[in-house]
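Next, two complexes with subunit A in common: one pairs it with subunit B, the other with subunit C.
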Partner chain A sequence: MSLSHSALEKLATFRVNNTRASQETFQNASTVLKSFKRLGDDGWAVLEQLFLASVDVGRLDVADECLRQLGKQFPHSPRVDVLTGIRMEATESPDVVLEYYAQLLDADSANAAIWKRKISVLRRTGKIEKAVEELLQLLDTFYTDVEGWLELADIYTSCNQYIPALQALSHVLLLAAQNPFYQLQFAETAYTAGDIPLALKAFLVAVEMSERDLSDKSPPVGISVRAWLGVKLCSRRLLLNSSPSASNTPVPKNLHLIEELATERVLGVYSSKNSASRAPEGRDVVVGWVGDR
Partner chain B sequence: MLGTVLLTFAAITVLHAAFSTYEHLSHLKAMGRPEGSLPIDIIVEALFALICGTLGASLNAPPLKEISWAAEMRKRNIDEMDSRLGFASFVNRGRNLFSGPSSQTKLK
Partner chain C sequence: MSSNNAVSLYLDPQIRDWVLFPITLVMILVGILRHYVMVLLQTPPKSLPRAALREQRALTRSQVLRATSANSPIPPTYYKSISRHLSEAFDAGTYLKDGPPKEGDTPKMPPNPMTDPAAMDGMMSGMKTQMVMMVPQMVIMGWINFFFQGFVLIKLPFPLTLGFKSMLQRGIETTDMDVRWVSSLSWYFLNFFGLNGLYRLILGGDNSADSSRDMTASPFGAQAQAPGQAQDYSKLFKAEKDNLEFSEGIYSWVGEGVEDRILRRYGKI
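And then the complex of A and B:
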């Protein structure tokens, strides 16, 4: 049975959006092993996707078969080397894998994909300082790598070092300027770091970016909800006690009005007019929280 | 459905106008006046078919999709944006959760 058209479309969407839905990919693509030649060029991309999904899900037999087919078709490809490394990571000890990567990096020292795998293994085995050092070197060489800056921010956040995380995220904002998700991450990291005026400004930018093209007054969906909740949180804190800003961000003038607007938008999401008959989940909690001054 | 009907009607009308033109020109050639102009009703028929066909194609168009950047961002989610697949760790609980009963060890 060959892949249906909708399954292929879904897999293509996963490839474009960098989704890591391994269980779903495995279910959709597991029949591709018999019929990938019919898919043409896309077949190899789907095979790679199936390989990664099956390693994630634990089906190493399927993964080995995919790797064998890919190796047969592309004999000396660096991309297949990365996949071989990933397969080794699943079963071998970290030292063996690091040695394999060191050998590949000796041959070609600017292979970004292998470098990233090495950093991932170092982070996974707990050698965080070495991982950060290597990651900083990688980002020195490949500045425009958004993934690398996000990984650096994630490592710093996991060690509770929020100021360096903010610095890494500011590079992300430079590189991916119109992305509301990264703006939201920056805002939430700023809030956690204690810089409330900066967090309020960033939450407002996130709201503007995600609701820019809406002309009607429909309630917020998706990350707008999270951004509006952040605006409410920051503005309420600033009204109660003005906190100093480590980045010297000025506080907006009409803080009361901003807070009222945020309350209105948040309550709009949890309003019982939206859903069919019952109130949405969590409505009592939200109403209690926003009404509490 | 109205769009498809109009479109088929327009296609038939165009073919009819074309066939009429062919017949008229061969008639002129047979009468020895190959440079004559087309009768006005064939031209009107062709223009009418054009208008009908345009209407039918517009009504038949698939529903419009949002193209603004903000609308595209509304379709994504945080897990996709933050997936960092180049650094993803493949040594996780997935092998214990998903691989199925045959590879789980049995408790004695």
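And then the complex of A and C:
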């Protein structure tokens, strides 16, 4: 039985968007093992996808079969080496896996994919310092790797080191300047670090970026909601007690107006006029919090 | 006798069957053969070691920083710290493949292609392509000269001046035959330049049978490039340091005045 057309399309979308919907992928693609030759070049990509999904789901037998087929077709391929490494990570001890990666990196010291897997194994086994060291080296060589910088920021944040996390995020912002999600992450990290003026500015920038195409004054949707909530949070805190900014960011002048505007926008989202019949969830909580003080 | 514009020669049709088509066929096949030989001969590009790759990509760091500096997404403190760090690194040469130059080192000589293995490889592959291109050409020209000499093959559809007579009618020593009647060697040349389109159709755009490539590349071109690249980096880094200073001058944060913009947008100001 070959895959239906819609299943193939869905798998292709997953590949393009890098989605990790492993259970769904596994269900859709498990029939591909018998008929992948018919799919031509795409068949190998689907096989790789199925491999990753089955490792994620826990079906190592299916994963082994996929790996065997891929290894037969593409011997000595660096991409298949990465998959072999992933399979080893599922069952072998970390030391064995790290040795395997060290061997591969000896042969080709600039193999970014293997390097990243090594770093992820180091982080997973708790060797955070070594992981950070290796990650910094990787990012020194492969500067444009946004994923790597995000991972670095994540590691720092998990260790409560917010200033280095902000530095890592600033590289992310440079590399993906048009992405409001990263600006929001920067703002929230700044807030957690205690740098409220910087956080306020960053939330406002996120708002500006995400509401750029909004023509009428319709209530905020999507990421703007979170950004406006952040603006409200920061402005309220600044009005109550001025906090020093580690980055020497000046406090905006019209703080009252900003807070008013933020209140309006947030209430606009939770207004019962918009939704069909019932008020949106959490409305009472938000109204209570927003209206308070 | 007056010029023979009105007279036309009548050629043996066997000339067409046994010379015209075979020459074209042989050239097409040799071209395809050349392409596949090149594909087989080409070694896969060697992956650079970490240090060399890092050196090559070091400039992108400052370029990324400078690209958005007029509307930079990062606040001033962060921008300045990155800019300063990069400036210092470029100055000290930390991104260079062999590390920062130590005290008392003589300035690096551009690596001699004979001694530097990396440049040598580049030259060798360049020379290999030259050989593969030239040898079949010589062979075919010799073959045509030997077998298909001494008769006219075709009449060119366009007129030419008398200067071309000696070249195009080699082997046929007449004084007043129209220059438009040419020998088989010139048919070879016509094919040589004209089959590129056909190769592009059969072999795809990027084929090695294309003769227009050979004309532009030359063995001396390959030599001039290789030593140029290696020494470039320290100079490039110094130049980039100046660029960083300029960008710092025009730097401006997006967050500067964002609150006023938003307040104005919603009519609060």
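For the reader, a short list of remarks on this structure follows.
Following the convention adopted for this analysis, the second predicted complex is superposed on the first by the 292 of 293 C-alpha atoms of A that agree within 3 Å, B and C clash if a C-alpha of one lies under 4 Å from a C-alpha of the other, contacts with A are read in each partner's own complex, and residues count from 1 in each chain.
Keep in mind that, in the parts below, contacts are C-beta pairs under 8 Å (C-beta built on N, C-alpha and C of every residue); 3 or more make two chains touch, one makes a residue touch a chain.
Only a predicted model underlies this, so the values are computations on that prediction, with no experimental measurement involved.
Overlaying the two complexes via subunit A leaves subunit B and subunit C side by side, clear of any clash. When the two complexes are overlaid on their common chain A, residue A:Leu198 makes contact with subunit C while staying clear of subunit B.
Contacts of A:Pro252 after superposition: subunit C is touched, whereas subunit B is not reached. After overlaying the two complexes on the shared chain, residue contacts for A:Ala177 are found with subunit C alone; subunit B is out of touch. Subunit B and subunit C, viewed from the C-alpha centre of subunit A in the overlaid structures, lie at an angle of 60 degrees when rounded to the nearest 10. Using the contact criterion defined above for the overlaid structures, shared-chain residue A:Leu267 touches neither subunit B nor subunit C, since it reaches no partner. Of the two partner chains placed by the overlay, only subunit B lies in contact with A:Glu89; subunit C stays clear of it.
Put simply, subunit B and subunit C get as close as 16 Å, counting only Cα atoms, in the superposed view.
Considering their complex, residues 47-50, 53-54, 57, 60-61, 64-65, 68, 72-79, 81-82, 254-255, 258-263, 266, 268-269 of subunit C touch subunit A.
Of all residues in subunit B, only 68-71, 73-74, 76-92, 94-99, 103 touch subunit A in the complex they form.
By the touch criterion given at the top, residues 17-20, 22-23, 26, 52, 55-59, 86, 89-90, 112-113, 116-117, 119-120, 123-124, 147-148, 150-151, 154, 178-182, 184-185, 209-214, 221-223 of subunit A touch subunit B in their complex.
Against subunit C, the residues of subunit A that register as touching in their complex are 108-111, 140-144, 166-167, 170-171, 173-175, 177, 183, 198, 200-202, 204-205, 207-208, 217, 247-249, 252-254, 257-258, 260-261, 264-265.
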